[in-house]
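Structure, as structure tokens:
Order as written gives the chain letters A, B, C and D; numbering starts at 1 within each chain.
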Amino acid sequence: MNDLSFQTMSRKQMAERLARDIPEGWYVNLGIGLPTLVADFVPQEREVIFHSENGLLGMGPAPTPEQADPWLINAGKQQVTLRPGGSFFHHADSFSIIRGGHLDLCVLGAFEVAQNGDIANWATSAADNAPAVGGAMDLSAGAKRLWVLMEHTTKDGQPKLVETCSYPLTALGAVSRIYTNLAVIEVTDRGFIVLEMVPGLTLEALQAQTGAKLHLPG
Amino acid sequence: MINKVVRDMAEAMAGVQDGSTVLVGGFGSVGQPDALIDGLIEHGAKELTVVANNAGAGRIGLARLLELRRVRKIICSYPRSAGSVVFEELFRNHEIELEVVPQGTLAERLRAAGAGIPAFFTPTGYGTLLAKGKQTAEFNGKPCVLELALKADVALVQAELADRWGNLTFRLSGRNFNPVMATAADLTIVQANRIVDLGGIPPETVVTPGIFVNRVIEVPVDGASVQEKAA
Amino acid sequence: MNDLSFQTMSRKQMAERLARDIPEGWYVNLGIGLPTLVADFVPQEREVIFHSENGLLGMGPAPTPEQADPWLINAGKQQVTLRPGGSFFHHADSFSIIRGGHLDLCVLGAFEVAQNGDIANWATSAADNAPAVGGAMDLSAGAKRLWVLMEHTTKDGQPKLVETCSYPLTALGAVSRIYTNLAVIEVTDRGFIVLEMVPGLTLEALQAQTGAKLHLPG
Amino acid sequence: MINKVVRDMAEAMAGVQDGSTVLVGGFGSVGQPDALIDGLIEHGAKELTVVANNAGAGRIGLARLLELRRVRKIICSYPRSAGSVVFEELFRNHEIELEVVPQGTLAERLRAAGAGIPAFFTPTGYGTLLAKGKQTAEFNGKPCVLELALKADVALVQAELADRWGNLTFRLSGRNFNPVMATAADLTIVQANRIVDLGGIPPETVVTPGIFVNRVIEVPVDGASVQEKAA
């Protein structure tokens, strides 16, 4: 998919790019998988408070062997730490935080995002009868902002930014911004607005990998 | 560095608008944020809708706010109680609007606002005057009333301990409406008996996580003053 | 209202009589006023756990001057104590206990109780625009059992047990038993069933002070 | 004297009926009441509806209960996870019914059952497959779905401390669904790491008041075993 004129971002670079846009003081939930990486790129001195839907606020990085406590995990069931000022609460209270609109930001992965902000990230087909939804629908519908962090296309080059989602929806009109390995794209009433591209990439080349019309700001 | 601790009462009340809906914690005088109410009086916001369990007593605090004609409407479960002279006078003279809500429905409507539940069904109040005009439905043979979330602009909360992230604990029965109201407003302002270092509240004993809190001011409340006002 | 043949119960005797029927292990909420007296007649060795809607379980008796803590009050705003094993919680959790059907018993006073179990205890007329309802509607609709503790008639001799309530209702069909200064009365599908009368009282005399038909058990 | 502490697992499970709806606490293996699940297997109840966040892993605990064909239906948010081999096999063979519920809606439906709220509206899931056939309504311009309380016969709960009145605390992220489920069942059975004297849990730090708990059994869980299962 690469050509000679530009360099796609690595997963770490994508996480780092998104992390740069999270200001101090925000309460943030990071989805399982790639979004979890974002925490590694928020410097400790910039206080961002991470929420995990299994009942913690103020989540810190993975523990050293000495810090490790099997009772302290995140929503991805990985061992984590708790920063001073962190707290524990039960599942209903945790989803009150999510559904009550108290999170400044949620970052999720996705199969598809449509130009109207629809997101599909939980089931690969309507015929799949045992899909695992977890907290994705609650997070998408509840957070103040939903940003998606994902590859710009599927492994076989199919666009993931589309006119209309073909996979079962997670939430309607929820996504406000998309960070891919190629670009940063805002979702507005006008559709997809390209805020940034990797150096050397042209709008035409990006459009060729995108399933819906791209616009420039202004 | 996140620091929700404000320097003074003016900073605590900055930006509170005329016409706001204001939640006031406490049950009677216990856990009532008296210093914040005084701060709100000083701040001067008017045409307020106040949500509180009681309508104030004597001529100080909430009663004083009422007496100054700053409150257009009060939503509470128990307006008429010992010493609610100011409220009763205003009410008799049609100078204040009243919405009486069953205490549990009041708490649940606030909780719903904080939890992103726009409406819920409850059997409480069904078939009574307080359910007049409300949508009803039956669940498992039990007739219920549809109640709406009660979201506010500002919450005034009294806490025991607070830290700079806004984590809170409460003292004995001073807890009451405070943690619920803290979740239900766009701007939650807290007067805490004591501000401690971050990490000073053990994480398993935090009652209100800081995410619900915007501003904290330290106001030591001694038992004697609570008692006096309760009497 | 007394005649020579029987003795009405005092308020303390009424509370004592009701207290006798509360078994160990019950969770009980006592309304403001006369019902509050009931706690004094449950011996400490019979563990009954008292709930107060302002957020406590395991409420103990009034404090001695040394125990007194102004931060520890009951729903009637009187200072109380907390027994070992007691706990504090916020108002929404407290009313979850009430409305979720977790209380074995609530005892309230009333203006009127109808033979179908309707209770009126919060407003003296529909024209009263500033009535104080407090937790009465929640308690009536939510507790597993609602017992009413009240004088059999008003001060001027009007019946308080009636065919249909004339005061604004608190809850429909909620009352299961009534303890008065004259009798203990069960509310059933058949209406009022007299379980007990004060010594010397006849059913006819009791009926004369009651606004609806009284039945005997069986 | 109230004493909810039972002598053995048989007493803990006494009376659990075939066909019951059983809530199982925990998030993955953390806070999962493994000893009670084993007790339920031993007890033998079948045709169960199980409500849990996950559908079990490996071939022990919840997965073993499934493998023994004791579970007719499972209600969860994340059935397919690392090691959910038993569930997936049964599901493929149409030997188990599945209801997928968004995690927050699951928690809220349980909370509603405990709080006497028969139904509530939420934006979560609106317009998705999981809202198919559900009643909808709009509040403040936001379309919502009506969700029903999820009440159960039995809850299996893992706690850190317990006393003879059934007061509970929880350990770190082992809290998760446990306190919510404790409120939502007619019979709540708790395995606690440690049973303490009445009054041994400070009253302001009780997370689940004993009123929600029927039976308690002491089952010390060491960190190593949690870690092993989590791996």
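Convention: contacts are C-beta pairs under 8 Å (C-beta built on N, C-alpha and C of every residue); 3 or more make two chains touch, one makes a residue touch a chain.
Listed by chain with UniProt protein names: B, D = 3-oxoacid CoA-transferase subunit A.
A quick note: this is a predicted structure, and the numbers were derived from the prediction, not measured.
Asker: When C-D is set beside B-C, which has more C-beta pairs in contact?
Answerer: It is B-C, judged by the count of C-beta pairs in contact.
Asker: Between subunit C and subunit D, what is the separation of their C-alpha centroids in Å?
Answerer: 35
Asker: Could you tell me the distance, in whole angstrom, between the mean C-alpha positions of subunit B and subunit C?
Answerer: 29
Asker: Quick one: report the Å distance separating subunit A from subunit C, using the average Cα coordinate of each chain.
Answerer: 55
Asker: What is the distance, in whole Å, between the centres of subunit B and subunit D, each centre taken as the mean of its C-alpha atoms?
Answerer: Taking the average C-alpha coordinate of subunit B and of subunit D, the gap between them is 33 Å.
Asker: Among the residues of subunit D, which are close enough to touch at least two other chains?
Answerer: 108, 111, 115-117, 122-123, 170-172, 175, 204, in rising order.
Asker: Which positions in subunit A touch two or more other chains at once?
Answerer: Residue numbers touching two or more other chains: 82, 88-89, 92, 95, 98-99, 142.
Asker: Between which chains is there touch?
Answerer: Pairs flagged as touching, ordered by label: A-B, A-D, B-C, B-D, C-D.
Asker: Under the touch definition given earlier, write down the residues of subunit B that touch subunit A in their complex.
Answerer: 1-2, 111, 113-117, 163-165, 167, 183, 197-199, 201, 203-204, 206, 209-212
Asker: Which residues of subunit C touch subunit D in their complex?
Answerer: Those residues of subunit C that touch subunit D are 24-25, 27, 47, 49, 51, 57-58, 82, 84-89, 92, 95-103, 142.
Asker: What part of subunit B is in contact with subunit D in the complex they form?
Answerer: So the residues of subunit B touching subunit D come out as 108, 112, 115-123, 137, 139-140, 142, 144, 148-149, 169-172, 175, 204-205.
Asker: Taking the touch rule as given, give the residues of subunit D at its contact with subunit A in the complex, in rising order.
Answerer: Listed in rising order, the residues of subunit D that touch subunit A are 27-28, 30-31, 77-82, 87-88, 91, 98, 100-105, 107-108, 110-111, 122-130, 170-180, 207, 223-224, 226-227, 230.
Asker: In the complex formed with subunit B, which residues of subunit C make contact?
Answerer: Of all residues in subunit C, those touching subunit B are 52-56, 69-75, 77, 79, 82, 88-92, 94-95, 98-99, 123, 126, 129-138, 141-142, 168-172.
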